[in-house]
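Before anything else, here's the structure in question.
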């Protein structure tokens, strides 16, 4: 009897491994404590907080234009979109109407940032699976977008280009030409990406059927963005609560229903193509006009609560500001898409093999500074 | 001493005669062994170093960048610099590791690949040991390398190294079957296991052309299986950095790590040279029957260059698909062998035997 | 459902709630003991189906601690905001809603970490970002004092 119990004990022994804060595949400082039984994952516990900077608390002492510079550092790959969210929140609170040129500029820059962010995701996803060449191909093409950003805003990644009332400077005179050249170039390159990784049998075997997330779970866990749309959860903020120029452009919301890693992969690849369609529709019709509205030197929001959400590259990014009429807010809360996506990691990695954990993490595509804020 | 670049037999015979005339027989044989040992050691070291350089350059070419280009012209001395760095690195002493086995493991891996090189024909007359069971010997000794890997994992006293070593061991032992069977297919075609006979028989056409369909299938299977044997390419889960378990050589540092690293590249070289010898004619030039002028030009190139050229092409192919494909998971890797390659191999052996009996080869 | 109907619905479920409306959302201030019941009703009843909790925040107004839940429906696309507050700053407690919306699991841990608000029946009530050994209080509270913070 005791031998049987001991035997059962040994067979059911779980051992814990640490995918520590420094690891090539966790894309940042995240500690995952993984309980394994043999090769099968029983539980994954994320330990966050290694890059917590207290951004929300800092914002309580800063004026509204200063908050914009901090939002860059949340999900740094969708830096422009985060800035856009704060500007929209402030402008809606003050009931200011920005010129149409500003809306065009903001939308085009958003979509370019989205393409750059998805390219970096593709690079690191390929690299995690072992196809190291993907990393270099994606980065080479991303450099072209970063060059466009640098010409206009002066910065490559943390743009801080938006400001309440408009944008900081007008577009560079070559902007339209460069964006059009880029679109032609990238349409060819994205076919190369498909040849290299999407059609590869090894990659498909490692991603199809792995890490299933059902639609009800996606809604319950708040998994938005491409990860949620891969499970059939229609959550694109650009369609449901349009902002910028999205109500005037014609684009599809990419939805897939299989809910596995491969579905999330395909959603992101198709989103890159849709972003190019959106840019093509807008780039030729840039209206003339001001690039900013004259704002008061000190911006005070009227007393009350304001919420604005936008579609960042990884999901729904929301800004919730509570103001009491002063020049600094009482409370700023950033609804972080990556935080909610990470909470689903435990659910979808159960009963998968440890080697798949890397692929699942790559397909959820979390950026740690956004989780920790 | 006549040095005929096309037939080094006379050169080696003249050295042999000179030694026998000067020294008593025992010492002459001993000196010969010493000369061969040193020559192969030098070859091993130089080729190993330059394969690492070649890999870095090929990888850079595939990834749209330049690769090493600072140390020496075109970065030629980069590997020498890396070797000097590794020699100076601190050999971290692991207290809880099994000292004897821990230190022994890299040597076993190197010895296994060293033994295999001895049997390969580099050119006409430049053949260290010409056993009549050549292929069998080569497969057998290259299998002993797995002992080194398992010892490394076990003696490190680290559960991740052990997992990595077990996976690696399982992978190598499984793919041995495919390697062996595909070479047996070619033995059926040639009728002999002796490597020099195999090469001589390809004088009027390489086996891959003579044996058409089964030889081509055999070549492809051999290529896939030998990449898995040497833990390279899409089959390198056991030592990949971006996976969880860090592999059997985690605890090794400095020159001991360099041994494992070097042994991996030399295994790749050995496997490529076996492929070149058995399938592509070894040091035989490319002859197309009937085109006398073409054959004459091909004969002009010395056999040693042919051999190195063919091996280099096979190595290039192996590097090409390492840098293109993502990695296979361990269970997918083993199911590839047992469910796909093994049945294909068995059918192929039957096919080749049938074709040889019927006389339907060239 | 439009705001009027939602208002009536909430008032029938929890008559003590205080309902306000601004340009964006209909806001309901619920007494803490009725929160779980109201949340469950809103989530599971067929004509409201508030299945997506998109923002859960803790707020420290000078004298009260508040938790704000932003809900929306993926079926009807209507929104509502629930608020609970307490003046107890020593041991504030609310009921958890993580059994209704799984996203509340991590978010409530975050609120506990920053404000000290405990949630009853939460499966894993501990800090998520900060380290217990180095940070002893609850940093996002207005009365948090730390000698390392430099005031501008």
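Letters A, B and C mark the chains in the order given here, with residues in each chain numbered from 1 onward.
Everything below uses one rule, namely that contacts are C-beta pairs under 8 Å (C-beta built on N, C-alpha and C of every residue); 3 or more make two chains touch, one makes a residue touch a chain.
Computed from a prediction, not measured in an experiment: that's the story for all the values here.
Chemist: How are the chains arranged in terms of who touches whom: line, ring, star, complete or other?
Modeler: line
Chemist: Mind having a look at which chain is the central one, using mean CA positions?
Modeler: Centroid comparison flags A as closest.
Chemist: So which chain is the furthest away from chain A, centre to centre on CA atoms?
Modeler: Relative to chain A, the chain with the farthest C-alpha centre is B.
Chemist: Using mean CA coordinates as chain centres, what's the gap between chain B and chain C in Å?
Modeler: It comes to 65 Å between the two C-alpha centres.
Chemist: Based only on mean CA positions, could you tell me how far chain A sits from chain B in angstrom?
Modeler: Using C-alpha averages as centres, the distance is 46 Å.
Chemist: For chain A versus chain C, what separation do you get between their C-alpha means, in angstrom?
Modeler: 25
Chemist: Can you pull out the residues of chain C that are in contact with at least two other chains?
Modeler: none
Chemist: Inside the complex, what are the residues of chain C that reach chain A?
Modeler: The contact residues of chain C facing chain A are 22, 24-25, 27, 51-55, 57, 59-61, 68, 70, 74, 77, 101-103, 105-107, 110, 128-131, 139-140, 152.
Chemist: Could you list, by residue number, the parts of chain A that touch chain B in their complex?
Modeler: 17, 19, 24-25, 126-133, 135-137, 140, 196-197, 200, 202-203, 205-206, 353-358
Chemist: Given the complex with chain A, which residues does chain B contribute to the contact?
Modeler: Going through chain B, the ones touching chain A are 59, 62-65, 234, 236-237, 240-244, 323-332.
Chemist: Quick check: in the complex, which residue numbers of chain A touch chain C?
Modeler: 48-49, 52, 54, 56-57, 61, 217, 219-222, 233-235, 240, 304-307, 309, 316, 318, 320, 322, 330-331, 333, 335, 339-340, 342-343, 372
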